[in-house]
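What follows is a group of structures, each given as structure tokens.
Both complexes below contain subunit A, partnered by subunit B and then by subunit C.
And then the complex of A and B:
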């Protein structure tokens, strides 16, 4: 609170009261109206019964844990293994996509920060950014075309004789993982880039000079500097992947259900906003817990991520 | 083991820009060798070439008689101490020092022991577990030296390692560095733009200007017998008197100058034709206020200002419109000549003055 007050008075003295008030008002509106209130409303929803309009405010309109109980136990006596399985699978897939992105983006970010220069650098940045001018749904469909039975990849693979019958990349979820990984590459690249860019080139050369192999230079010198960037990138990619809807909808194989699709079904198909809210809350809480756990394991502080 | 370093006609170009132009010299094993030159003259580039981060565009670098082309920086027997030290901020002091050992797969325990030994040597015992940012500038400096020594190199390359320190610490570290060098007996190649540093520490100095090595020699020769106008004016204070050659007998050249005929030594043993435009360099401490006796190179000057610094007194003079400086030790005499004392008669030993032609960069290295 004192920190906030200090920021406010600093801004007042530097930019004047009007600007300070505007910024304070905008931030307050953003946090309160756009973030906190909807979340509270959803939380409240998740503890209520799905009642017909006439009964709202009536005696049956009380708080309940029924929606959460449903996630755990379903309608019957045993565990609701189906929904829990979907959640676990979603988390695992999100972790996989995050790891994939780290693997892809770490070298790119390093090259951007320390090797590329001039035209090469600009081309790389443009190459990274331009694909994201295209709408997300369109991009997902493009991946479907790319990976489809008669798609480009199958075409090339068959033409070169790697395989003879079309491979069903969509059913194998290759298309989904590729699409998701691709969708958040930019976030990961720039997070890691931000961190790696602060590394003094001389440190790399010093390590080289002392006989270190490239592998060790990265492990001991570059990676520790990149760690906060990787953590913040990984957090974003993980959260966004776990919460993605369009890509799983379009690229997911017929057997693959994403947890967000369950939420979507409760809201839209079943019209049960209360249960949908409960499921959304579950996803949010589980993801947050998982992220904090990972940060503990890898010894990353929140402050490091905020940089 | 010490190894000598030979630069065999090394030129380094970045595009059309020549950073190092035809450097040709050899540095003996166990020597403290300095490259001295102003900022941007190519010193770092040359050092990076010896350590293997830059390939010579022309010529060869030989270490211990072996051609270093295609030998990577991690495979050379050199250790480079960077201009900004380049210590690893996220590793502890001991981990920094032990890094070269870690690379070689030395066990954790032996690494720690060697790091502690080196910390002892640089007079920082017990700081192994600190982080680098918890050390002072001078301490970091010494950690960087220890880390380079841990690599057990034959040749230590130092890129202006003292430039970030304050004056007092710098002077202390000069003595320290020289002592370390004598103790470990390695070849030190030292880069600096501070002539005091180069002269006090080195066995030999190479003076660089705009990529060209203008003179190589021991500190006394560099200071007393500069071969080029650049070396004469860059290393130490000097007075410059333009003139025209009258005659040359052996190495002694007589010039006619605005203040009268003056004699000096031909720098670099060049022969000068009568009538050639030349300049005479004489150090402020070699100028003396002459008595009545017969002394060579006598001329008149007016004192315009006096600086009294305790042990040393500096007179600012004007002779025939030329500004000159004269330094002398304080003799304890209150009534020394000062401004307004009227015309003084100055003189200097012809052996102490150097006569050089203009624009001698090209034939200087010969």
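And then the complex of A and C:
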């Protein structure tokens, strides 16, 4: 508390009382009202029964583990393999999309940082940003046009004779993974770019002079520098993919659910906000635990995120 | 392109492939906007048409959503820019240990899934409404209010990141110099720090508006029964697609490209002014070139081009071509029908002995359901070659009989 007061007085002497009050008030409002309290409310809600409005505050309005029990065991005996399977599949798919993005983006980030220059570089940066000013929904729609049964890919494939009947890319989830990987390319490129850019060109040339092959240069010189950037980008891409809702709704196959779609169904179709809150809490906790685990494994700190 | 790590040819090829991946889907979507086929596709190409733009504008739900989104976006900018600035200033003045903690708290809204943010917002305000006994018509149950709060909670983190990166380049001795020269702390803030942050305020506002306008995951929960542009768009895409969405993409891409080009012209002009190349370079000696390269001129030129395209597109009438396509389709249908009839007639003439029933039976079951088919196999059963069944006569009465 004394530390906070000292900081406040320091800020007052630097920027004036008005600014200090504004900063303190705004940060307090943001942290408390917009971030912490909603999460607590959701957590509390997830431990409650779904009651009609008249019974709220009554004797039956008590805390319960029923919603979490439902996630684990379903209605009857045995595990709720359906919902847990959806969660596992979502996580696995998110990891897959993240790896795909790292593979796609690492070379282009390196080219941006060390190969391109002048007009080429400017054009590339604009070319990277422009597609991401277009609405997320429309980007998913573009992939539906591309991968649909009468879409362009099927048209080309059939015309060239690779396959004779239309391939159902939507049911095979190809469209979904491609769309998700596309959606978050920008975040990954700029995260890796920011890290790789700090690399001194002389180090690469020194390694080349010593006779290292180009993949060895990347493995031993560039990758260690790029690691924080890759971790930061991977964290964002993973969380965004696991929490994606629009792309699975538009591009997902008919028999294929994303965990966020389960949450959406509990809220909007079943009207059971309590169970939806429980599922949302599960998603949040599982994703955060996974990310922190990965950060521990790869020895990266949270301060690297968002740089 | 250098050859120090990964050859130049590889770099060039990879960059080309990458940008093909980035722009391919968008280009194809743009093409589908002008095809008159009622399902968005490139092949088969039917007619060049501009009617999908009209269909788009006639969509009441989308247009109302557009207004809602604009208002929400402006309000989100007004809230999240000051919040992000406050967060960045607080982080700049904190000690290392507090700094790491607060940074973690303020950055998590970016990491939390948008779905979770939306849900937690409506749950919290629902609880508050119960405590205060607010009715469903109060502001707490207003979708725009809730959307505002939900979106600001994480968009403020984006703006904060922009302010942080700008503040890192701030020379704090400037503030100290101002204080030494007798400025009050408030004056130093307003006259030294804020002007320095001005470009960051601009880009933060832009990013915040874009993020608010595009957001789906949070908004789809917090908007309750209402609609923003993006949620209306999503429900339209989910229910069924028609090329009016491609038309929308064309509009957005055109606006984006105009914006990017004007921005580029502006950056170049500033750079030239800064480095003094304007005075030296021969090209810019001509007043005409200088006028054309000015961002305002670029904007006017591109705007005029877009206006011309709209005017021309509005006059384009695809109805003749459409009628032609319809006639062709009908002709094809007629032809197929005639061919079918012809085939049936030929078939009838060829094998009059096949069908014991009156008339011919084109059934794929090869006459298995004919009244006679269950009768004991007659000696005069048709030869297997005359059977038109795709099952190769498997359903022929004799096929299950024991082989002699």
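Just so we're on the same page, the second predicted complex is superposed on the first by the 283 of 307 C-alpha atoms of A that agree within 3 Å, B and C clash if a C-alpha of one lies under 4 Å from a C-alpha of the other, contacts with A are read in each partner's own complex, and residues count from 1 in each chain.
Keep in mind that, in the parts below, contacts are C-beta pairs under 8 Å (C-beta built on N, C-alpha and C of every residue); 3 or more make two chains touch, one makes a residue touch a chain.
All values derive from a computational prediction rather than experimental measurement.
S.K.: Following the superposition defined at the top, how do subunit B and subunit C come out on subunit A, clash or fit?
M.R.: fit
S.K.: Tell me which partner A:208 touches in the superposition: subunit B (first), subunit C (second), both or neither.
M.R.: both
S.K.: Please work out whether A:136 is in contact with subunit B alone, subunit C alone, both, or neither, and reply first, second, both or neither.
M.R.: In the superposition, A:136 touches subunit C alone.
S.K.: In the overlaid three-chain picture, which partner chain does A:270 touch, first (subunit B) or second (subunit C), both, or neither?
M.R.: neither
S.K.: A:19 contacts which: subunit B (first), subunit C (second), both, neither?
M.R.: Once the two structures are laid over each other on A, A:19 reaches subunit C alone.
S.K.: Kindly classify A:39 by the partners it touches after superposition: subunit B alone (first), subunit C alone (second), both, or neither?
M.R.: Second partner only.
S.K.: Taking the superposition on A as described, I'd like to know which of subunit B and subunit C A:200 touches: first, second, both or neither.
M.R.: After superposing on A, A:200 lies in contact with subunit B but is clear of subunit C.
S.K.: After lining up the shared chain so the two structures overlap, which partner does A:220 touch, if you call subunit B first and subunit C second: first, second, both or neither?
M.R.: First partner only.
S.K.: Rounding to a multiple of 10°, what is the angle at subunit A's Cα centre between the Cα centres of subunit B and subunit C in the superposition?
M.R.: In the superposed arrangement it comes to 100 degrees.
S.K.: Check whether A:172 is in contact with subunit B, with subunit C, with both or with neither, and answer first, second, both or neither.
M.R.: The answer is neither, since A:172 touches no partner chain.
S.K.: Measuring by CA atoms in the overlay, how small does the subunit B-subunit C distance get, in Å?
M.R.: Least C-alpha distance after superposition: 7 Å.
S.K.: Based on the A-chain superposition described above, do subunit B and subunit C contact any of the same residues on subunit A, and if so which?
M.R.: Correct list for subunit A: 205, 208.
S.K.: Touching residues of subunit C toward subunit A in the complex: what are they?
M.R.: Residues 1-2, 4-8, 11, 14-15, 18-19, 21-26, 28-29, 32, 39-43, 82-83, 86-87, 89-90, 93-95, 98, 100, 102-117, 119-121, 123-124, 126-127, 130, 149, 152-153, 156-157, 161, 175, 184-189, 193, 210, 213-214, 216-217, 220-221, 230, 233-234, 237-238, 241, 245-246, 248-249, 252-253, 256-257, 259-260, 264.
S.K.: Taking the touch rule as given, give the residues of subunit A at its contact with subunit B in the complex, in rising order.
M.R.: Per the stated touch rule, the residues are 200, 202-203, 205-213, 216, 220-221, 224-225.
S.K.: Which of the residues in subunit B come into contact with subunit A in the complex?
M.R.: That would be residues 51-53, 72-75, 78-80, 82-84, 86-88, 90-91, 99-100, 102-104, 147, 151 of subunit B.
S.K.: In their shared complex, at which residues does subunit A touch subunit C?
M.R.: 3-4, 7, 10-19, 22-27, 29-31, 33-39, 41-42, 44-45, 56, 104, 107-108, 110-111, 114-116, 122, 124, 126-131, 133-146, 148, 150-152, 155, 182, 185, 201, 204-205, 208, 214, 217-218, 222, 235-236, 239-240, 242-246, 249-250, 260, 263-264, 267, 273, 276-277, 280-281, 283-284, 287-288, 291, 302-303, 305-306
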